[in-house]
Amino acid sequence: MVDTVFLIISIFTIFSSIMVILSKKIVHSAVYLAGSLIGTAGLFILLKAEFVAWVQVLVYVGAVVTLILFTIMLTGKGEDEHAN
Amino acid sequence: MSGLISLMIIIPLIGAILTFLTRTRGQARIVAILASGLSLVLSLLLFMRFDSSIPTIQFGESYVWISSLGINLKFGLDGIGLPLVLLANIIIPLTIIFAWGETKQANRFYGLILLEQVGVLGVFTSLDFFVFYIFWEVVLIPMYFLISIWGGPRKDYSAIKFFIYTHVASLVMLLAIFSLYFNALSITGTPNFDIFHLLKNYQVMDGWLIQDIITLKDAIFLALLFGFIVKMPAVPFHTWLPDAHVEAPTAGSVILAALLLKMGGYGLFRIILPILPYSDSHGILISLMAIIGVLSILYGTFLALAQRDLKKMVAYSSISHMGFVMLGAAALIPLSVSGAMYQQFSHGLITGILFMSCGVIQHSAGTRIIGDLGGIAKHMPRLTFLMLAGFLASLGLPGMSGFIAEFLVLVNSYFTLPTFVILALFGIVFTAGYHLWAMQRAVFGTYNQKLGHIHDIASYEMVSMSVLVLLVIFFGLNPGPVLNMMTTNAEQLLEFVVLRGVIT
Amino acid sequence: MFSDYAAAIVLLPVLAFVLTLFLGKKLYSGGAPLPIAAIAGSFIISLGIFFEIYPGGVVQQSWPWFANLNIGILIDPLAVVMLLMVSFVSLLIHIYAVGYMAHDPAKPRYFAETSLFTAAMLAVVLSDNILQFFIAWEIVGVCSFLLIGFWYHKPSAAAAAKKAFLVTRVGDVLFLAGIVLLYVNMSELIAGRALTPESGNFILQFKTMFEAIPYIDSGQLTLITLLFFGGAIGKSGQFPLHGWLPDAMEGPTTVSALIHAATMVTAGVYLVARTFPMFVATPDSLVHGIPDSLLVVAIVGGFTALFAATMGLVMNDIKRVLAYSTVSQLGYMMLALGTAGAVIGAKAVGISMFHLISHAFFKALLFLCAGSVIHAVGTNDIREMGGLFGKMKITAITMLIAALALAGIGIPFINIGTAGFFSKDMIIEGAFEYGEITGGWGWVFYGFAILAALLTSIYIFRLWFMTFTGKPRSERRAHESPNIMTLPLMILAVFALFFGFSQSGFYPYLETNFELMGVEIAGHEGEALHPSAIIIMLPVIVGVLGIVISYMIYHRRMLDMSKIVSSENPLYKLLINRYYEPRLSADIIGVKLTHDVAAQSGEFVDRKIIDGLVIDNIISSTLFQVGEVIRKLQTGVVQNYAAITLLGVGLLILLLKIGGM
Amino acid sequence: MSYLLLLPELLLISLALVIVLLGLMISDRSKNLLGYLSAGGLLASIVFILAIKGEGSFFYDAFVVDPLSQIFKLIFAVVSLLAVIASVTYFKGSRNQDEYYALLLLATVGMMVVASANDLVALFVGFELASMATYVLAGFEKRNPASLEAALKYFVIGSLSSALMLFGMSLVYGITGYTSIPGIIEFFTTNPQAATGAINIVAMLFLVAGFAFKMALVPFHMWAPDTYEGSPTVVSALLAAGSKKMGFVAAFKVLVLALVAMRADIQLAFAVLAVVTMTYGNIVAISQRSIKRMLAYSSIAQAGYISLAFVAITPEMSQMAIGGGILLALGHALMKGGAFIAVAVVGYMVLSDNRNVKNTDDLEHFAGLGKRAPITAFAMLVFLLALAGIPPSAGFIGKFVIFYSITVDAVIQASGWMLFIVIVAILNSALSIYYYARVIRYMYVLPPAGERIKEPTPYVVAIVLALIGTIGIGVYPEPFIQMAMDAAKVLGV
Amino acid sequence: MADLYSYLLVAIIIFTIGSYGIITQRSGIKILMCIELLLNAANINLVAFSSFNGSATGQVFALFSIAIAAAEAAIGFAILIALFRIRDTINLDNINILRW
């Protein structure tokens, strides 16, 4: 059971991480990063480190990803550039 | 009595600082000449009170400096150091007088010359290896400036080449100092950088630096030797010298040739000879030294023959003359060693005249290329006289100090190094050759009208050159006082050589 | 009394040198009176000493100098006659120079230098040790250098001065090597207690040297003496180091007279005479009964006597002729030491010295006369002279006397003749006896001597006839020289004529020389030879024959010389080009071999290989280029930086894997 | 266990906060006062560091005060002091001075924390505190693209290194179960076989990467030239002279102490790093025309010399070498700090000549500096010579001790490759003269490009302080050698 | 399956991905994201070790690390924005006025 869950979460995390790099649109990257971080939080829960997991979600997903989105917005040309 | 030596070093240092602070040329040179002259007076005082019959250190003084490493400010004089101290104190004031007319940044110029004096005096008097090394390095900086500020067209290249070459050599020497120090430390358990202490403990060192290739003793010996022969300089580490000389201002050249090169020779006597008999392969090392010496004599001579630039020729002649120092030291006969020491002293005086002559010619005629000169004797009779005296002294004319030295070296080296002496004798013929050839083409012959009207030597230049000529003759006729103290020390140095059976 | 002031013999001229040098300009005639007075003083002291010690006395004074060396004075018969000759001739030449140099602006320099020269020469003569001898010998050489180059603005003079110094320097270095070798042998003997010199004697003193002769290894002794002789060859212009002497004629004529005829060039002979006991003591490995070194001396001397005479025949420069004559006569002196020395031992020194001194008189006279002529006509070329007899009677007559002396004219058996007659006769006789004793090839020296005597006579009278007789060959006006110049001529002429009569006192006096120092020289005593009359006559006969030949050719013009004197004639070409010696020594050895080959290749190694290849190319350029390349790694793009950082970690891991984990 | 020992850090932290608060209250004009305030604070903390004797550990042993930490704190405080004094002129009139000084003080505190850290967590926190503050400082000239670019590069490579370091720390933690340094040592000494695992190497190297980033060892140096060049000059001084040493103190603490068992291999790694670093730094420095960039490469080369301290093996020499390393670090802080400030003076001079000059640190502006700004030029001369290792100077003493210990170590072990390293170091030392001398030539040989200027007093004060330190350590090194040796002794090799 | 090594493997994979991203990406924002991934990987390690070693230190460390990473991200993005203002790009390939 734990193994299966671990497998699913890790595959999700790794996939998200890969997609952070591979996504054409930078906003998608940000979303995938959030996914990866959430996946990591899942792993933390599996490791019985619930508090760390919560902090991870709050700080990373709540603050950092927001920050990223904010930056993307401010540097609006970022996406177009990537399309080049 | 104690304290005189440090006073003698400090006075030029203070003088240098004051000189840097002066505003006008007049003040600068007055301060400079006073400071260096005072130092000269002190060294004369030392000279008179010196007892040349005993080989031990006299006027010793010692102050604690870095106690955790066993470093003391230890000074003293014996027959090896005192003549060179005297030489330094003679050359520096004369150089200042010679450069009395310097107009470019005069205060810095004189200040740097005084700093040079500080460094050189420090090297010749310090008995602590660390202090010795510091002075050894300190000497480089004023000379770098003298070359690079007041030098000729390629001064940058030359100055940096001089600096790096000699610095590498000093650093290699530093490695050897480290090993000596550590060796002494591990034997006695107390840290001490005293030169004699370190050299004494060299005797009981052993082990390999690289297994079955080179022993520790030999490696240390070679590293020290390298440090000194680059400074002397000996072939094949000599190429910095002609470049430095060609570009250096006259005062710089004089100091470089008369004093800085002597540091290398001083190292041979102070440091190399005491440990030579204890090195593991002293036979080979002695031959090596002799080969380097003779090679320098011959190679320097031949290159001097090839030169078109008068000053460069003189520079190569220095290499050749310093070869005698090496040869004399390698022969390990008391009188050959003292002859080598005397060669140092004498060459210091003679080369001063030579470089000053080059400087005057450059100054008046605007060129030093032998082919572009010609017949300048017509307009510069006084210079010609002094220059001729210098050239004759340089080619070893008897009656002048150079002959005494070379004679002693040749005669006494023959006991142990006959082949090398015969080779060196060949050099003497060619030495006369290039000197006279240069004189003939540059000074004599028909006057080269392209030079326009040229002035004879200035009075202050003549004063310093004349003094040097007189000294060269004086020490050529009366070598006794200086030579005796050298011999006393040379005999003591070589007691060990005989004891160890290095030579019979 | 005079001997207490022996040092003043040298010091007076030194003082005169210093004073003249610095004050000369302000004094009469460039300060000439100073050296004249000083040298007169030296002469008087020498004379005083001569009378004090004659016969059989020696003055010896010695002071420690440095190490185990000393400076000192040794005035023995050998030295005292030299002293007298040097100071006397020098004095006369100085007086003559007042007139001769009257119009030269650099008079003070001239007199200072000649005065220093005289001092040094006197110092050579009275040295009591070989080192001091060498020192003074070198200073003499320097003065010669300075005086040859007196008119330094003439390139030829400057070149000649250099050549003179360098060529003699070659000899000097050999001499020095000899001293080195001697010193080494001596100190080993002393260290090995084989030799215990009297207390107060120093290692290089002649006395100690002679004491050591029996102990020195014979091979070493030969080597030492030959090296000494090398010095003598250089100084005395013997073959093959003779080339500088004719060139040295670039100096003022007085200089030629003083240095290159009468005094300095004889120093080489004096050196051999001084160390004669050593030469005699060398082993006779080559020819039985003949010491090796003396054999060499004889060969060199004999050959030079003839060799130089051949060149004297064709020279057109009046002074050059005299120069070759000097070389030739010096060869005679050497020949005397070499041949007679082997036969009659110490007496040979007397024979040689006698010729040396008489030569000094007549050769100085010849030069001074030549100077007088040159002074008058303003050229050196005898082809442009002629018919001067009427205009310059004193010069012509004194020169004739000198020429007769050089040719050795006299009347045998009744012993009347010029100085050269007596002195040269003895040498030729010595060579004859040598031939008698050795037989076979030993006669060659006699042949050399006779042949050279013939040539001598020819060339000197060629000179005289071309100069003074016939029609003037140029438009130059000539007049007799002032009294101050003719006076020394006349004094010297007197000596050239009558000095020979002093031989009866001279030989015995000098014979005692080495006995006074306690040195025994074995000679072939007892075998009194009685050469036949023809042998005794022969030198005079060839002398007269030479005069006749010259008279025929150059005065009567009985022979058309134009065929012979042409560049078509290979022999003439060889002679006029001086056997191509100048080209060989200057161009090939001086420039090509040393400067072009040796020096330039050294320069190449230095600049191109050590500096160029190693320092500039390999070290500097490589470093700078590497620097330029690797700084490009710093692309400025941060991703690359990150890549390198990560790569670095990877490399480190690899390194540690290799490093032994 | 006196909390007095924490006074230096506490003082600076509170001062930073006070400055932020004050900055909100006082007018832009009087913000210059904040500089003096910070200088006073730093001076006070230096006094505390020197005056308060004693050792202690705090916060569950995560934070220790011992001679090692004290000497490095001294270095950091001194460098910050120099930077602050110089900043008084450099940022004169800037509206953001309050933030600047606060950040600078915080960066100093961060470095001090690293110096005192006895636990990986504390170490990491200190590192990040200092790093983050300096990221901002590097980009403090917001209008200057170079400054921002410098900050960005510093940030990216810095974060990467932090991540590497953190990863390494996590592995160490995983292997040993400890984050406290004594705990880690104990683990390795009791389980020597554990120390030789492959994972260990990876862990160590990741740690090394993190430290080496700060030390600017090749190949972790890439950011340094760009950042030093682009940052405000005073910040470059802080980075080169101060924060670089943070890497060293961390490395001394962790690598020397914790990895006793695997030192032989780390030693090789460091030997290679040291040699490559010094050679690279020196060779590339030769071709630079920007003085700041040249100083950056010189700084890299110096880091190479200092890291020779890790090469010695025999305990005695190792301790001596580390002492020498500390000594050289101290000397380097002074000389490099001084040199950068001298560059700042030149920048000031150039801008007062002509507002529009872009590259104020170009070599050509140094022409005739000896005439234009004699004090600065002389000081720069001394700094450069000291950097080249010419006696008597701080640079010489440090090199002397390091070279001594490595040479002797090579001799003791008869180790050919160590000797080779020493010789390479020596040749490097000589090579470095080449580019230092070039600057000296510009200053003293070439003709001046303009009038003599009046050197602003704060700059002069900062430079003279550095000068006194540089020469003082050279002339009277005894107490400093003592301090350094005491500090090295703490590591108890 | 879900043992220590699996967690470490995941961490290493994420770390590798992050490293790869830093090297290859051009956008400053993406590079910053990759840095977050790296830190995240380290955190996984810490927590995993903490859990399997049975000591809480790792978790504490992870908490510190998370906080610091967030702060660092804030600074990073601030620098990016400032840079964008004057350079008008966040393509780091173009940010290379400082080089050589």
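As written, the chain order gives the labels A, B, C, D and E, with residue 1 at the start of each chain.
What we mean here is this: contacts are C-beta pairs under 8 Å (C-beta built on N, C-alpha and C of every residue); 3 or more make two chains touch, one makes a residue touch a chain.
By chain, UniProt protein names: A = NADH:ubiquinone oxidoreductase subunit 6 (Chain J); B = Proton-translocating NADH-quinone oxidoreductase, chain M; C = F420H2 dehydrogenase subunit L; D = F420H2 dehydrogenase subunit N; E = NADH:ubiquinone oxidoreductase subunit 11 or 4L (Chain K).
Nothing here was measured: the structure is a model prediction, and the numbers come from that model.
Chains that touch both chain D and chain E: C.
Of the two chain pairs examined here, C-E and B-D, it is B-D that is joined by more C-beta pairs in contact. The chain with its Cα centre farthest from the Cα centre of chain E is C.
With respect to chain B, maximal separation of chain centres occurs for A (centres as means of Cα atoms). Taking each chain's centre as the mean of its C-alpha atoms, chain B lies 41 Å from chain D. Distance between chain A and chain E, defined via averaged C-alpha coordinates, is recorded as 11 Å. Computed centre separation for the pair chain C/chain D is 76 angstrom, with centres defined by C-alpha atoms. Centroids built from CA atoms put chain D at 37 Å from chain A.
Within chain E, residues 18, 22, 24-26, 31-32, 43, 48, 50, 80, 92, 95-99 each touch two or more of the remaining chains. Contacts with at least two other chains are made by no residue of chain B. By the definition given earlier, chain contacts exist for A-E, B-C, B-D, C-D, C-E, D-E.
Chain D meets chain B in the complex at residues 385, 390-392, 396, 400, 403-404, 407-408, 411, 414, 416, 419, 422-423, 426-427, 429-431, 433-434, 437-438, 440-441, 444-445, 476-478, 481-482, 485. Interface of chain D with chain E (complex): residues 120-121, 124-125, 128, 131-132, 135-136, 139, 142-143, 145-146, 148-153, 155-156, 159-160, 162-164, 166-167, 169-171, 173-174, 177-179, 225-226, 229-230. The touching residues of chain D, counted against chain C in their complex, run 152-153, 156-157, 160-161, 164, 196, 198, 201-202, 205-206, 208-209, 213, 218-220, 222-223, 225-226, 264-265, 268-269, 272-273, 280, 283-288, 431. By the touch criterion given at the top, residues 623-624, 626-628, 630-631, 633-634, 636, 638, 640-642, 644-649, 651-653, 655-657, 659-661 of chain C touch chain D in their complex. Of all the residues in chain C, the ones that touch chain E in their complex are 631-632, 634-639, 642-643, 646.
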